[in-house]
Structures are given as structure tokens and as C-alpha cells.
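You will see two complexes here that share chain A, one where it goes with chain B and one where it goes with chain C.
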Partner chain A sequence: MNKDKILKLAKGFRGRSKNCIRVARERVEKSLQYAFRDRKAKKRDMRALWIQQINAGARQYGVKYSSLISGLAAQNVGLNRKMLSELARTEPLSFKALVDQVAHMRGLSAPHAGAALK
Partner chain B sequence: IPYFEDLNGAAHMHVQGRHEGNKRRAWRQPWRSGLRSRFRSTTSAVVGGLGEALHGRSAPRAGSTSHNFLVTSHSRVVGGTSRRMSMVATSPLVGTAAQRGVWAPQATKHSGFFGARLPSHAARAPRASSGTASPLTTCVAATPSAPPQARDRWNITYYPKGADAAALQKQWYIIDAEGQTLGRLATLAATHIRGKNSPAYSPSMDMGGYVIVINAEKVAVTGRKETDKTYFRHAVGRPGSWTVETLRDLRKRIPERILEKAIRGMLPKGKLGNHLFRHLKVYKGASHPHVAQTPTDITRHINLRPSEVAALKE
Partner chain C sequence: MSVHTALNTVITPAAEAVPSAYTLLRERVQEAYTVPPRPVFAVVELAGTQYKVTPNDTIVTERIPGVDVNDRITLDRVLLAGTADATIIGRPVVPSITVTAAVEEQFLDGKVLIFHKRRRKNSRRTKGHRQPLTMLRILDVDGVEGMGDASPAGTQ
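Our next item is the complex of A and B:
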């Protein structure tokens, strides 16, 4: 009974880990431990990815992630990072509007302001 | 609460007793008499409401005994509350087993408590609800399958497909290395190859573009790196065959390798990193064979702040 369950969970494993119960049992136990650990880590990883994507999208328009997030918070924009990354990827003009709003607030929008920073 | 019917058509509540596990064991190992006695009282617990309904049905078969027990105090109903019992009481069984479409064995060799050798999940007829239309007692017919909808873009995590990372859609960039600082150029090239300059970035897929570097032999280094930066080489599989050469000597020998090593060190290591590295094209001299790809010149982006880069684009 339990052997069948374990071998069913061991599908796709490498070598004897998918065929032989003595090897598979160890690998399946480890895989379940990893699954438990990574269900919690997945939430962290996704947030890190969203931040990277927002950073890239914002830098296209001349604003860094830190400036964007602090600027949006100052203007009480409640969009979370997940939605910001979705906008940056699929709705670039809407995202640009948000970035421009922050840039205007910080006085970075004018081209000559960028030259003045040098 | 699931119920099943025995040989005589009487309905029995499958109430969960304390020794629920024994019930299954008794099913599979009926030679173990010790398991039977424990739930003797729970199998025959029938709610009074059901009992009334049984009276109203067609005549039971000859020799049958009506198992119309009221729920007594000694019948253990674990997890059941008075609310649950009242819900079941208001949904009486109507009609015979055959009328209800419930499967019930007509005759078996065995009798007694194991006469109805039914698995617990069998024979669940839809209960006729009499007024109480709570989700627990009402069986709702399955809705017809809805037409296939478009993929919900906002509630499903996006993951780039192979088509998104296709080579035909990749951007081409060109950097002129003449006079540029080695490391600062390499950073820019690695960022564009990896794809971290666009919001479509995904670490597990190749979402970046191609980078061409020309005039590789003219790349500059600061300080004393021209003479002091060394490149280590150990090709042969035995001790003592290593070689160390300075940047100046390597520039004379194979100048492309200086930039290749620098950029490779900034790309991820592994299969994906090796794949990304092949998107770097370093050339000695000013000409390159990728004119047809119309690469974008990003040389001026080296060592600029994002705001300055955006100002350049305008």
C-alpha cells in the first residue's frame, strides 16, 4: 500500500529513485520536506521576482525601484508589488503614468534635471 | 451523514463511532471477531425521522425485521450535534431502494451486522429536502460545463512561454569598447544579455538579448591592471602545467578573451549561463557580421544613472 503511494510520488526521479522502493522512499521523503519548505519560500521568491521586474520597468523610464516605491507610498498609491510588476509587463503605458507621477513629484521629470545631477 | 441500506431495505446511518478504523478492518478481516463487538451499537442507529419514513414505504419482505431504532443514549454519534440530527430528520427517505435508485444487495450468503457488505461510500441517494435548503442537505445537479474561457491573466501567475523567449524576438545591442572601462562595460553587457533591463525578466528563462562588442582590443583598464592583472590557465590534467599571463600579453594574443572572461564572470553559472554566454559576440576591430540585425547602440549607457539613461533616450 504505502509502497505504491511512494512510487507514485517518485515519478520523474532520477535513476533507481523512481523504481526501487528503498531508494525511492528516501528521495520521496526528501522531496516532501522540500515541498513543505518551498511552499513558504515560494512566497518570498515571488516577491523578489516582482521587485526585480518593477526595478527593470522603472529604470526604463529613469526611476529606480526605491524611488518608485517610496514615491508611490508618499502619494498613497496602494498598488502592491505583484500588480506593479503585472502593469510593468503588460500595461507599459499605465506603468509609465505611475512612474511619471513619482518622477514629477521628485522633480526628476525634466531632462535638464537629469543633467544637473551629474 | 452518509447512509446505506442493508438487505431488508432499511436505511442505516453510517455514524462514525469511536472505532471507525475497526469497521474497515472488520470488513477486510471478518475472521477477527474481536473487532465486531465494538461498534455493535453504532451500526444500528437510525434517526427517528427515517424510521417514520420507512413505515410509509411498501411492505417489507417476509422475514425482515424493521430496524427502526431511535437514537438512544448509548449510540455514539461522534461529531454529530443536535443540529445535524434535525437536518437529517427533516429529509426522509421516500420510496423503496429501487425507486430511489439506490443500490442495495438483494441476497447474500452472509447476514447479521455484516449482511450489508457495502462500502461506505455506496448507495447515497439524493435526499429529498423538505424545506431546509442548506448546502449540506441539498444535492445540486452538476451545472453543464461552461465554455472554455480565456486564460485569466490577472489571477494566474504569469510564466514566460517558449514563444516569449524566442530568438526571433530578441533585441540586439552593440557596444563599442574603445576607451571604455572593462568592468563597467561588462556590467552593461551582462545586464542586457540576462534580460534584467526589461520587466519580462524571469531568472529561469532566457529573456535577454544579444550583445555585440566591437573594438575589443581597445578596451581600457584603470590603475596598474594593464601590467598587474593576471589570467590563470590550467589546461592539462596534471600538476605543474599552469600558465599565468598578464592582461597586456593576453591582449596581444587573444584580445576577445579579456571581455569574454569579464562578462562570463557576471553571467550565471550553469546550463542557462552557458546558453546566455553564447549570445555575446565579441569582435576585434570595428566590423561585425550582424549588420542585418540592426543592433541598438548602448555604448553611451555605460556608467550612467537610470535617470540619465532615460534622458539620453528622449
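Our next item is the complex of A and C:
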């Protein structure tokens, strides 16, 4: 890569790393290596975040993450963790329906009237 | 004899036809459209990824082969659908619900630089990558309002 491209990638860097090509080249190379590594790590981090969110949402109703996931798998529901966390955040009633379904099938609680089990 | 034939024959399992996750409708969008919003959402699966969609949504997916801009497609794998009153949970799919979408754009993603360096060995390698993507506009979720009270066959 020529100098202009390097300096363009070095925007926002600290000190001489954004101005002087000899310093910037090293920093940019390191930043590209980090970017490669972190594109892979981002997938792991997001999944951990989804699991935390699903856990928190399920525990509101007294169900643990492990029970919810194994219960959904036993009922052949194909939603993945990204969707489950998104439902827990934006569609709380639907998430509650899923949790209730799992709780009901495990006999943990009787389905109350009006539960959305259609 | 039978032992030798068993050793020599290669048993290939019959290739199961994986049902396509989308169907190309034989109609195209003719003019500028506006999509009235409806209080209904669905979780669709396409190309191994799941999306939560409502009418007038825009989703970006992996490039869908065989479609052009302004084609309508139906997304057949619906895992969950919900309205203000009900949630329909598929196991794993709800067969009677489909989502209609129009192809808005087929484009390449921004360039991602892949850079590898072996330090102190005078070795580095640079590569660029642009992923082909498709942008879909969700037009409607079909088959939801008619669910009523009866539990549909095959879903719970």
C-alpha cells in the first residue's frame, strides 16, 4: 500500500502515528491485524451478549437460560440466540409466550388463561 | 463374496432435497410502492441467518442467486410470527405463513482489508474482500390475520 493509503487508514491515531509515515505504517499494520482477529472475536462476543440477555429475560419469569434453551430444543423450535435476545428486548410478550411454553411443557407452571399458546 | 462387495462398494446417501427458503414469484414491482405498516412481525430464516421483520422493513442478506432487482420473492421459512394478540411458534417452521419481499438492491459490501504479517520475517500479505449482498424490502406477512382461535395443524 502506498503512503497515502496508509495515512488515510491512520486517521484518528494518536500523536505522530497519524502524520508520519514511518510511525503510521507500523500502527496501521497492527490495526489491520487487530481488525482481522476481532472480526472473528466479534461473533463470539455477540453470542455471549445474547446469552446474557436471554438469561436475564428468562429469569424474570423464573426460568434459567439452560432450561429455556433445552426446552426449546426439545420442542424443535428453531430460533437462534440472536433472535431470542431480540425478542426479549423488543417483543416481550412473544418472549414470554416462549418461556411459558417451556415452563408448561416441563410442568413447572400451569398455563394461565390468555397465554398465547396458539 | 458379500464381504468383498461390501468393502468395494461406496455407499452414497441419497441427496436430500433441501427445501428452498425462498420462492421467486412470477411478478415484478411495476412502480414506486408504499408499504402500509401493520402491527405484525415474523422471524424468517434465509441463507442460514434469521431476521425479525415487519412490513416496510429493509433487511440486508447474503446475495440471493437467481433474482433481479424489482422481483418479488416469498420467504418460506417462518420460524415465529406475532401480532398484538398472539404469538405463533413454529416447530421449527410455521407452514401456513409466508413473507413477501421485493428485491431492492444487489450490491457489494464495503471493502474489508485482510492483512497478515509475520514479524521479523519480512513477510506480509494483503487481500481485499467485498461480500455480495442483497437488500430486501418486506412487503407483507401473509397468513397471520386469519389465525383466529383455532390452533393450526402442525404449529403450537
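One rule holds for everything that comes next: the second predicted complex is superposed on the first by the 108 of 118 C-alpha atoms of A that agree within 3 Å, B and C clash if a C-alpha of one lies under 4 Å from a C-alpha of the other, contacts with A are read in each partner's own complex, and residues count from 1 in each chain.
Convention: a contact is a pair of C-beta atoms (placed from the backbone, for glycine too) under 8 Å apart; a residue touches a chain by one contact, two chains touch by 3 or more.
Remember, it's a predicted structure, so these values are computed and weren't measured experimentally.
Student: Of the partners chain B and chain C, which touch A:Gln52 in the superposed model: first, second, both, neither?
Tutor: It touches chain B, and chain C stays clear.
Student: Which partner does A:Gln60 reach: the first (chain B), the second (chain C), both, or neither?
Tutor: A:Gln60 contacts chain B only, not chain C.
Student: One more residue to check, A:Gln75. First (chain B), second (chain C), both or neither?
Tutor: second
Student: Report for A:Lys18: first if it touches chain B alone, second if chain C alone, otherwise both or neither.
Tutor: neither
Student: With both complexes overlaid on chain A, does A:Glu86 touch chain B (first), chain C (second), both or neither?
Tutor: Once the two structures are laid over each other on A, A:Glu86 reaches both partners.
Student: Take the contacts of chain A with chain B and those with chain C, and give the residues found in both.
Tutor: Looking at chain A, the two contact sets intersect at 86, 90, 117-118.
Student: For chain A, which residues are in contact with chain C within the complex?
Tutor: For chain A paired with chain C, touching residues are 1, 29, 32-33, 35-36, 39, 75-80, 82-83, 86-87, 90-91, 93-94, 97-98, 101, 116-118.
Student: Touching chain B in the complex: which residues of chain A?
Tutor: So the residues of chain A in touch with chain B come to 46, 49, 52-54, 56-64, 85-86, 88-90, 92, 95, 108, 111, 113-115, 117-118.
Student: Which chain B residues qualify as touching chain A in the complex?
Tutor: Residue list for chain B touching chain A: 153-154, 157-158, 196-203, 305-311, 314.
Student: Where on chain C does chain A make contact in their complex?
Tutor: 41, 43, 45, 50, 52, 79-80, 82, 85-93, 112-117, 124, 126, 147, 149, 151-152, 155-156
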